[in-house]
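We call the chains A, B, C and D, going by the order they appear; numbering starts again at 1 in every chain.
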Amino acid sequence: MCRWIAYSGTPVLLSRVLFEPAHSLIDQSLHSRLGVETTNGDGFGIGWYAQEAATPAVLRDVGPAWSDRNLREVAHHVHSGLFFAHIRAATGTAVQQSNCHPFRNGRRLWMHNGMINGFRLLRRDLAVAVAPELYPDIEGSTDSELMFLLALTFGLAEDPPGAVARMAGLVERTGHAHDVQYPLQMTVAVADGERVWAFRYSSEGRSRSLYFSTKVDTLRALHPDAEFLRDISDETRLVVSEPLGDLPGAWNEVPENSYGIIQPGHDVIGDFRPL
Amino acid sequence: MCRWIAYSGTPVLLSRVLFEPAHSLIDQSLHSRLGVETTNGDGFGIGWYAQEAATPAVLRDVGPAWSDRNLREVAHHVHSGLFFAHIRAATGTAVQQSNCHPFRNGRRLWMHNGMINGFRLLRRDLAVAVAPELYPDIEGSTDSELMFLLALTFGLAEDPPGAVARMAGLVERTGHAHDVQYPLQMTVAVADGERVWAFRYSSEGRSRSLYFSTKVDTLRALHPDAEFLRDISDETRLVVSEPLGDLPGAWNEVPENSYGIIQPGHDVIGDFRPL
Amino acid sequence: MCRWIAYSGTPVLLSRVLFEPAHSLIDQSLHSRLGVETTNGDGFGIGWYAQEAATPAVLRDVGPAWSDRNLREVAHHVHSGLFFAHIRAATGTAVQQSNCHPFRNGRRLWMHNGMINGFRLLRRDLAVAVAPELYPDIEGSTDSELMFLLALTFGLAEDPPGAVARMAGLVERTGHAHDVQYPLQMTVAVADGERVWAFRYSSEGRSRSLYFSTKVDTLRALHPDAEFLRDISDETRLVVSEPLGDLPGAWNEVPENSYGIIQPGHDVIGDFRPL
Amino acid sequence: MCRWIAYSGTPVLLSRVLFEPAHSLIDQSLHSRLGVETTNGDGFGIGWYAQEAATPAVLRDVGPAWSDRNLREVAHHVHSGLFFAHIRAATGTAVQQSNCHPFRNGRRLWMHNGMINGFRLLRRDLAVAVAPELYPDIEGSTDSELMFLLALTFGLAEDPPGAVARMAGLVERTGHAHDVQYPLQMTVAVADGERVWAFRYSSEGRSRSLYFSTKVDTLRALHPDAEFLRDISDETRLVVSEPLGDLPGAWNEVPENSYGIIQPGHDVIGDFRPL
């Protein structure tokens, strides 16, 4: 599958999060520890919100992240307080830019790790359920893009948890109708420029790994000497497919079948159930 | 739009047809004379039938044909008696391998120059008409790929002229239902390893240019000194978006709204009408 | 050859200069008017100075600029007050990232339009003249990269006009030693983050086109209604291979065999002679 | 470093050797067992001799071999009796086509696994030793390409073992002059269309793995039921960085500091010592 990272908080140079930490996402493209595949070399993408821009920027390409110079350049020269990054391990579909994450619609970004089981069987039924006005936006051939368009169809702009739940429900019903036992396996991140929603769910109840970072003030108390922690606000938060760095106490597993919201003020965690 | 070439006849090194002639297809990628766009630099593809192979080979890539070294290498080292080549000028859709021609299904190759007008409006309705078992084969986002899958849906394997006519009919009816005046503009080539079908049609009656080569024995009589003509059989035939070379009398326009079949024995030309 | 643009002045979104003007650089990649080639589709690059960054960022890729989505994304989301952009028409050398401009060394950027005539003959002699400590930085196979490394060898960091003159002198002497009549054809831009140097020279005295923009206060007096001019400082200046936009009086030809310096305070123009 | 394979013998579809065996070279691009790196995803190349062609064909690209469709297509449609394949793990130099193996000069192919230690230090001295008429052929930035051009300089066309020995000697002397203790680490394959030379050498005496296949008649006696062995001639031979398939007795390690010649009639193995 894939690996991803979502950052929200004090604006930083992207490279400080993507390249510098021990076992960074870029390292994971070559040597993932927790992924189903150890190599995530089938393309990558970053999406970031820039000041004064109506929509987030998206940089995606088809080569491995570890050797991509443009990714390195942009990450070392662009600051953002809210960004996504994703490395892809393809499971059968083409290695092409339009199959790389994050996907964008207006101010929204979407990225996914996991799969729809039996996707070839289900693909048409799911595509037909996409709102007709969104259907022409399909550019690639992944389950991930279709899940995004379905979530948009079901109200992602107004109610992300509800829209994702309805998308997941449709995938499960469609899967079951085609005799697929466990249709859905997903960790998903969504952003709108202000907030990040992260979802961890699988039909089987054995979801791909997902972690969120401990609150910065708690971490600061644990590690008073960690310089990086002094530069970032209390509200800074990461959600990641697998832990970065080596700071004890820094990471917490997102519970099975749940979702979280990272936002100004109190973050939220709740149960996730397909509707 | 695009430019394409279909060759059927004496096995030759592909480069003799693709690179060597004056105003070759590779030249046309940089300087087309008859195309709507003079530059066809948004990807390319070749498809060729090799002996003892169950399916034709397809080589496609996203860069311009004029500078692609792999295309040059393969063309200078592979012989074939039946091959297609295509250079692309994108009209809005992504520059990605899965949007490059020719498309393949089993032993069949398909390539297209032209467009479905208002494609974003019509795309979903057309996609829904694709046979459910073929729908999962959609990899890209072009009208051309969808036209191929529709033609396959309508019996391309058994009756190419009928299947293409039914595809064109569906496109026109769907277009008219969405208030598109002239829905279809196409020159299409299809092959099955033995025969080539070429179609020239547009709803407006002003189709993109298409030419077929004069019979080799006639040409040989006209140009007794042309060495190239001595090496190839009487049955050798090309269909091209725009003429190659500079041999007077070598090219004949395919009539508006018609199709031709290049095959062992007598070639055929007939009227084309959407069904 | 190629086309390029150098911008210095009020920080703007790159797209306002690269994409929005009539006959923008992106348009020129498909339809150049003044270039030796009308198509500049063999790669592109941008280099920009970002605040707080030790070195400028460089984004380069091998496809045509007109269809590159990453270029479009970055240009629409990154601001800079000093940036370069370049579109390439290869003249024999490989289409690869390391042959794309701008080239970077420390804080310096370099880009070039033109050629060293008989480069294959001269290449080794020129490469041997590169400072041994710079030689390992050669990544590609262009004359342009070698000209940059030679200028660095000859003091580009301290005295750009002198260093470029010594580079040009070496190229001419080396060319003449190999019986090349007119060894050098160049328009070159150099930046260090504060200033831009632009050079126009050819051994033959028939240099490629180069223009600099009229002073903003003069233009503002000419065009009191031009909104764009109100947003930018008096010091804002562009140097371009061919004019953008359609504002009468906006562009002035850089004289043959001369160079200019764009800098805080008075800009400078002077004669250029190889040393 | 890298992995490679050289095949000489009965003409076969390339895919039978490159894709079909257990632990094929394509598998090794994702999961090498014996390589210094487990992932060889920084480009690939194949070179094959085709009938009636003056030079071998070379197909190279910058993405990982495991997902490249053009590689798959060509391998499944082209037959050859003598071909090379190489997958690259870059060690610092750019991921670009001109850094991919095999390299070609006239009828000769060259590929390499290993490295020149301290290459940045030695690069200029080695480049200067390349024959002036070959220097302009440098397209990339690898040690491997330079080793090839040096071997050509030293008579690769007439005496491959001698030329490679002189190249290795120069690399070692140059390295020692720059205080590099163990300058050279290499397994190299060379072909001229009739014969293959394979070299295994390292200054340290701890060379990268290299294996040659057991004689086909011996293997046939060991494995009378192995169908593949019935289709190929007694003279068929492979040299590989790491064993393919799972046939006991099929592979023999090339001894340290030695070379072999695969040719019509008796193959040869000899000591290798830098000159």
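One rule holds for everything that comes next: contacts are C-beta pairs under 8 Å (C-beta built on N, C-alpha and C of every residue); 3 or more make two chains touch, one makes a residue touch a chain.
Please read these numbers as outputs of a predicted model, since none were measured by experiment.
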Exercise for review: Could you compare the number of C-beta pairs in contact for B-C with that for B-D and name the larger?
Suggested key: B-D
Check your understanding: What angle of turn lays chain A on top of chain D when you fit their CA atoms, given in steps of 5 degrees?
Key -> 180
Check your understanding: With chain centres defined as C-alpha means, what is the inter-centre distance between chain B and chain D in Å?
Key -> 39
Point to revise | Touching two or more other chains - residue numbers and ranges from chain A | key: 69, 94, 97
Review point. Given the complex with chain D, which residues does chain C contribute to the contact?
Key: 93-94, 96-98, 119-121, 123-124, 127-128, 132, 135-136, 138-141
Review point. So in the complex, which bits of chain B are touching chain C?
Key: 30, 38-39, 41-42, 62-64, 67, 69, 90, 94-95
Point to revise | Of all residues in chain C, those that touch chain A in their complex | key: 48, 50, 53, 56-61, 69-70, 73-74, 76-78, 97
